[in-house]
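One chain, chain A, links the two complexes that follow: it is found with chain B in the first and with chain C in the second.
Showing the complex of A and B:
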C-alpha cells in the first residue's frame, strides 16, 4: 500500500560522498575510546569507500564484502574478546556501519546508514557526556536530517540548499516537543536489566593508599573532581580542606587505610556549621568528599569513626549530595586502642639520625603540641623545597628525604611528619583529599580539580582530640619550585600563596572558568536530571500523589498541546480569497491611488469606461486587464492559468509620476 | 502466486474503501485533510525501531543525553509526519485530456497542480501502479506534469482516478490521496500498416465503390455553402428555417470521390476491419481526395479536410460503443 520507496532509486555520487563523510565524522570521537586495530579497520573501509567514488572499480564485490564483514567481526573479537559490552559492542557497530557503505544499492541503504548514525550518536554518549560532545552530536544529527530530506528528493532547484532550509524548519519545530518529552518522560530509578560493568573504564583520582609520587601525577591532571555550592558565605580558601581518606597504617613507604576503629566518636564541639551541595564526577570509588569535618552523612552513605564518608555503592555516575560541616571543631579523644594503632611504626625505617632528631625535640619540649610546632619549624628552617619533580628516594624513603634530598611534594611532607610524630609518641595519621578550589563567580560555585589533590596530617593532642597539621603550609614560600609545570597550573594551589599572574594567564583562567560554567550548567540541567527531579516537579504542581501515572498523563497532555500548537501554526493559512477577486481588488487599489476610486455601485465595465474617459493614458492598460477579467469572471473562460495572465496584465500598468 | 493474488485482492479491496477527492464545479479537485491517507514507509518503521532501541538503552543506562537525542529524533519524526500530511492538504489538481491518439500510442494527460499558499515538494503521480518523477511547486504557483498512459484499445480512454503521493520531507511517512479525474481521451483504432485502396478490388471481393451515382440521385448530406456552389443545390428549406445557407450533397457529384465502406472488407474480426478502415481514412486524407465513410448504422458523407477526417476517425473509434459506456 505504501510505495514511497521504490526499491531501486540509485543515489547520486554526491549523496554517497556526504553520507560517507558523515559516518567518518561520527567515528572520529571514538578515536579516544576504541583500540587502534578497530580504528584501522574502520579507516581502511572508509578509505576504500572514498576511493571507489573516484574509481568505481575499487568497490569490492559481494564475496569480498562478506570476507571483509567476517574480518571485521574477527577483528573485534580479537581485540575485545567479546561482541558485547560497551567497547566490544560499539566496535562491532561502527565496523559494520562502515562496511554498509560499501554496499549501497539504492537510496534506502543510505537512509539506513543515516538512521544508524543516530544510534551511534546515542552510543557515543555512553562514553562521553560533555557539552562539546553534545554540540558535536547535535551538528551530526542536524546534517543527518538535512541529508534525509535531500535523499527524499522532489525539491526544486538546488536540492541541498532547500533541504537545509526544510531541515532547519523541522529541527526548530521539533525542539519544543523534545523539551516536553525530556522533562516529562518517566525515568527509571533502577535499570531494567543488569548492566555489565566495564571494568576497563579508568578513573583518575585518589587511590586508597599513598606513596611518594602518587599525588604529583594528579597535579598535572586538570579534570574536575567535584563542584561545590555553598548555601551561605564561602569560607576562605585556606579553610577548604576536602577530606576523603584517612590512612592509618604505614609500612615505611606506603600509607594504607588499615582496620577501622572500633566506634564512632562524636564531635565534642562543633561551631560555625556550613551547608553546601556537592556534584561529584564519577570516581569509581565509594568515598565521598566533605569539608573538614562533616557532621552527618548524606542519604545512601555512612560516616565512619575517622570522619570518612563512604557511599553504599561506588560512584559510577554523576552524584549530587548535600552536607553540613563544621570548620571549627574538636573531636573526641581517641581511645587507647586507637592511640596504639596511631603510634605503630615499622622498626626498619628508624635510623639513628632520625631518632636523634626526634629525641632532640622531645628533650626540649615535654608538651605534645610544642613538639608539633618544632617539627613544622624544622621544615621551615631547613632547606626543604617544594617541587613537582622530586629526585628518587633511596631504600629508606623517610631517612633519605629528611636528610638528603629534601625536595618533595605534599605527600612527602605529610608522610614524614606523621612518621616523625609517631616516633615522638604522638598519635598521627595521614589524611588525603583536596585543598582549596577555584571559585567560579559566573557559575556561583567552587570547582575542585584533580590538581588540587593534597595530603595532610592529623595528630591527637590530649584535650583537643585530632588536630589538623599541614606541613606543606609550613614551608618557606621562597623555596617553592617555580618551574613551568608548577606555574602553568598555579600548582601548590592554596597551600602556597598564588603568585601574581600576568593578564594573559588571568584571561586564560577566566576562559577556563567560563567553559567550566557551561559544563556545570550542562550537568545540572541535563545530565543530572532524574526521576527525583520529576517527582519534585510533580509535587510542585500538586500532583505528587499521582506518581508515574501523573507524569504520564501530564506528558500526554503537554505533548498534545505542543503538537496542537505547532500544527495550528503550520496550518494557518490566510483566508483563501478567490485569486480573481484578489487581483481585481489590487486593480481597483492601483486606480484609487491614481485618484479614481471605484464607486460603490460601479461594476467593472462602468468603472473601466469612466477611467478611460478621465485618464485616457490609462485606457489601454485598463482595457487589457478588463479584457481578461470580464470573460473570466462572468464567462466560462477560466482555468488555473487565468490568474497568472491577469497578474501579468496588472503588472503592465503605466508608470505613475509620484 | 496465491499469496500475491490475495495481496492484490486485498489491495483492491482497500482501494475501494478509500474516499476519493471529487473535483469541484470549476474542475479543480481540492485535496481536503480528511481525504489524505498516511502510513509509515519501510524507512519509517526502521526509524521507529532504532528509536525504540535508543530509548530502552538510554533509559537503562540512565543516560540523559541519549534520551535527549532519542526524544529529539522522535519529535523530528512526528513533526515530519505532519509536514507530509500538510504537503498534500489544500493542493488543487485538475487532469486535462491531451489530443486523441491511435491505439498502441501513448495518450497524454496534463495534470495541473495549484500549490496554494505553501510550497509543495516531492509530489508523485501514481497511476495504475506506475509512479512518475516527483515535482515541486512554489507557493501560489501552478505547474503541469504530463502523464503518459498507453492507449491499448480504441474508444474512450478515461483517466478515472490518479493517486498523488508524497514522502516529503524525510521519507519516513507516505501520504496519498486518490483523486477523481474525469478527463478522457479518444483513442482511434490502430491503423494497419498497409491497407487495400478503397474502391479497388483487393482480391478479396472488394468491389469498386467509385461513383456509381452518375445521376446524382443519392442524397449524401449537407455541407455549408461555399462561394461558387450552384443555386439549385442550396437547401432553401433550411434557409427559410433560418439555419443558414447549406448545400445539399449528392453522391457522385464530383469525380474524385471515394467511399470507405465497412462492407467492402470481408473479414470476420471487426476490430481488424476497423483498423483497415482507419488506415484507409488516413491514406485518403493525405492524398486529399474527397471521401465518405460508411459503417453499419453510421454514414459520414463525403467531405474533405482535417475536421472531416477527425469525424471519420471518431466514428471508427466509437463504432459499436454503447452511448452509456462512452460518456463517463
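Showing the complex of A and C:
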C-alpha cells in the first residue's frame, strides 16, 4: 500500500460481529438447498471469523487466505462440477462471501460484504419464494441497510439507534418506488430464473404410473399441492375427487397411461356446474388437476378423451387457472376400441380362484352394475383391512392381495377392483388424483396436500358411460388400522378426524391454517402478479392498445413523479440552507472551476491562502470575499445587508462568468 | 466585570509585544511560544515534554517574567511528599495552635519540573490542586492565588526512573507541547549569545496581573459561531467512532479545544473563532489525551493530528 492512500477507517469489533452474524443469517436458509460439503466450508470460515474476534491471532494471513479461496473454489467444483447454474453459482457466491469476512481491512470491506449480502438475498429467491422466506429476506435487508448507515459513522451517541431510524426512513422512502416498479416493470410471462432452473430438480407428487407403494410415500408428505377457491358453495367432501391421471394399461403390477384415444366426446349429461380457481404449486409435470369432471381445458392446456387436462408446458412455476366442472355428469359411451383397451388383462395373473370368484358374481348377476356392487360388498364383507403398512405381496400381487394378505390401501383396492371388473367383462380403469382437501375458512379456500393423494376406479356401464367407483370407501370402517402411522393418514375417504380435539390441537390447527392463508395471499398478490395482470391494468386505464410501450411509459411517468417529489422535498430543504453557506458554496464552486477545489477539511482562510499562492491574480478578489465572509459567518457582525454585500463581492470576480 | 477594559484592538499589540520579547530569549520557537501563551490565556495548564536541556525551564521562567507573575518552582523527585508541594501545618508554641505553612504551590505560576520523576502520590497532590485551584489541609481550605498556572515539564517516558502520568491525569493539562532541538542558526546564536538566566533577570514584565486577568476574560468573550461548535463536535465524534483510538475525546477535551481556539483567535486579533484556530491548537490540545486503538500501538503525534484534521470536513 502506498503512503498516498488515505488511512483506512478501521471497523469496530462490534461492527465486524454484526456483519458476520448477518452473513451467517443469510447463509442459514441455504442449509436446505446446498450440499453438506459447501455448508461445512462456509461454517468453517464463519467459525474462524467469530473466533478471530476473540483471538485476532486466529485470522489467516494473505497466503492462507489465498489457499482458502482456492480450496473454496475447488470445493464448489468438486461438489457441483460447475461454477455456473443455480446451485454451483450460489455455492461459489456464498463461499466467497464468507471468505471476504476474513479480509476486513477497512470499513469499505464491510460495506462490500453487506452489499453482497443483498445479492445473496436475491439468490435465495431462486430457491424459495414463500412468504416466510420473503419476510426473512426483508428482515435481513433491513438490518443490512441499518448496518450500512451505521458504518458510515458520524452518528451521535448510541449510533445504532440513530442508524435504525435513518434506515427505516430510507426504506419508507423507497416503498413508493418499489411499488411502482413492481406493478409496472414489464415482465415475462414466466419468471426469468426458470431459464436457469436445474432440470434435475426433484418434485414430489404423483407420477405417471401406479404401483403398490407409490402413493403411500405421499401420505406422510404434508406439502401443499394446490389451493382451490370455489366461486360458489364448496361441494361436500364426498364429491371432491380431484382428477389427474387416468391409467388404462396394466402389466399385473403396474398401471400406466397407455395410448391416448381420439378427441374427447362431449358429456352426454352435465349438471351441477361449479366454477373454481386453482393455484398449483410447481409439480414439474404437465397434468393439471380438476374436479370430476372438467368441462373445458383452461388456456394453454388441452383436455384429452379421458378428461385429463394436460398443460402445454411442464408446471415449473406457480400456475393459476380457472375451471368449470360438472359434479353430476354422464359421459358418452366408450367406443369399441376404448372398451377393448379397458378390458385387456395380462394372462399370467389369472389364477383359478380369481376366476372362480368373478364367475360366482357373474352367475348371480347378469347386470354389470350389480356385479360392481357385488365386488364392493365383497370388500366390505370379507376381512379386508386398510393399513399403510401392508405385508409384502407374493409374485402374483393381485391374487396374493385378494386371498392372502388382504391388507392394503387405496391403490391396492383400486388396482384389484379394476382387474376384477375387467375379468368380469366390465371395462375398467384406474384414476389417480387427490381426494378432499382441508377447508381454510380464514382464507376462503381449500388446501389440497400431497397426503390427500388417492386412487379410484372408473367402470364403463352401458347407458351410463364411465362411472366412478371408490372401493376404498366400501371398506368396513371397523377394519381400519388405527395405529400410530394412520394418525397422519388422510388418503381415502377413511380420513380420521383427530379424536381428542383439545384446545392445544385446535390451536395448532388454526395456526397452521393461518400460516397457509398468509402463504396463499402472498401467492395471489405478489408471486402470481404476471404480464396478464399488467395487461388487465392497462386495459382498465384505457391504455390496452399500447401494450408494453404503455407499460414502459407509465412506469417512466410514475418513476419520474416519485423521484420528482423526492427532489422537490430536497430542494425545499436546500432553500432553507443559510444564505451565507450558499454564497460560500458558490465561491468554492467558482474556484473549483478555475482548478483549485477546496479540500473537505480546509478552512476558509487556509483555502484563501492556498488560492493566493497558486493564483496570485485572484488574491484581491479572494481576500475581498473572505474579508466579508469570515466575520459574517463566524463573528457577530451580521445583518440582512451582509448577504447582499457578499453576493456583490462574489460578482466582482476577475474573469467573465461562464 | 463583563467587558474587558482594554479595547479589542489593543490586545494584538500587547500580545505581539510579549511574543517579541520572548523571542529574544528563546530563539526560533515562535509557534511554540504562541501556543504556550494561548494556553495560559485560556487558563489552562501546560505540559512541556522533551529531553533535558532544550529550554523547558527557561520557557516557564520566561512566561512568568513577561506576564509579571509570582513564580515558584518545584523540582519533582522520587522522594517528594505531598506536603512538600502543598505545605504543612506546624504546631506554634507561642500561639498554642497549628499554623499552616503554605508550600511552593502557592504562587501564580508554578513550574513543576520533571513531574514524572515523583511518585504518583506526590503527582496527584499537584494535579488535584491544579483542578480545584484550592488546597485542603486538615479540613481547612486555602484558595490558590489568582491567576494560577502550572507549567509542568516531563522527560520522555522511556527514560529510566520515571512514573508516567496516567491518561486521566494528562487530561488535566490543556496543552502538551514539545520543544525539540533548535534549528542550526538559532542554536549557533544561542551558543554565541549571553547567558539566558542573566537576560531573564533583566527582562521587564509586559503585563500586570490585572491586565492578564482582563486578557483572560477577553478570551471568554471571543465569539463562537454554531458552525464552529458543529466542527468541534464532529472532531470529538470522529475520535470516538473512527476505531482508531481506544477511547475518544472527553467532553472536557472538547471544551478545552474550544477554549484554546478562542485564545488563539484573540492572539490573532480576532473576536471570533474560525475553523483554522481550532486546527492550529488541535495537535497540542488533543494528542496527549488519545490512546491508540490496539494495545501497544503508538501513533506518532503528527500522524494523529493529520489523521483527525484530514478526516473531519470543515
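The criterion applied here is as follows: the second predicted complex is superposed on the first by the 524 of 658 C-alpha atoms of A that agree within 3 Å, B and C clash if a C-alpha of one lies under 4 Å from a C-alpha of the other, contacts with A are read in each partner's own complex, and residues count from 1 in each chain.
Everything below uses one rule, namely that a residue touches a chain if its C-beta (ideal position, glycine included) is under 8 Å from a C-beta of that chain, and two chains touch if they have at least 3 such contacts.
The model shown is predicted, which means the values in this text are computed figures rather than measured ones.
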Query raised in the report: In the superposed arrangement, which partner chain does A:527 touch: chain B (first), chain C (second), both, or neither?
Result: first
Query - Contacts of A:232 with chain B and chain C, given as first, second, both or neither - result: neither
Requested in this report: Using the superposition described at the top, determine whether chain B or chain C touches more residues of chain A.
Outcome: B
Query raised in the report: Given the touch rule stated above, what does A:10 touch, chain B (first), chain C (second), both, or neither?
Result: second
Query raised in the report: Which partner does A:366 contact after superposing on A: first (chain B), second (chain C), both, neither?
Result: neither
Report task. Could you look at A:503 and tell me whether it touches chain B, chain C, both or neither (first, second, both, neither)? Result -> neither
Query - Touching partner for A:392 - first (chain B), second (chain C), both, neither - result: neither
Requested in this report: Determine where on chain A the residues touched by chain B overlap those touched by chain C, and list them.
Outcome: 6, 153-156
Query raised in the report: Once bound in the complex, which stretches of chain A touch chain B?
Result: 1-6, 108, 111-112, 115-116, 118-119, 121-122, 125-126, 129, 134, 137, 141, 145, 148-149, 151-156, 162, 166-167, 170-171, 173-175, 177-178, 181-182, 185, 187-188, 191-193, 195, 317, 526-530, 563, 566-567, 570-571, 573-574, 576, 638-641, 644
Query - Contacting residues of chain C [partner chain A, same complex] - result: 223, 225, 227-228, 234, 237-238, 241-244, 270-276, 279, 293, 307, 309-314
Query raised in the report: In their complex, what parts of chain B are in touch with chain A?
Result: 11, 14, 26-28, 39-43, 46-47, 50-51, 53-54, 56-76, 78-80, 82-83, 86, 89-90, 92, 94, 112, 114, 116-118, 121-124, 126, 131, 134-136, 138, 142, 165-171, 173-174
Query raised in the report: Which residues of chain A touch chain C in their complex?
Result: 6-7, 9-12, 153-156, 159, 600-606, 630-631, 633-636
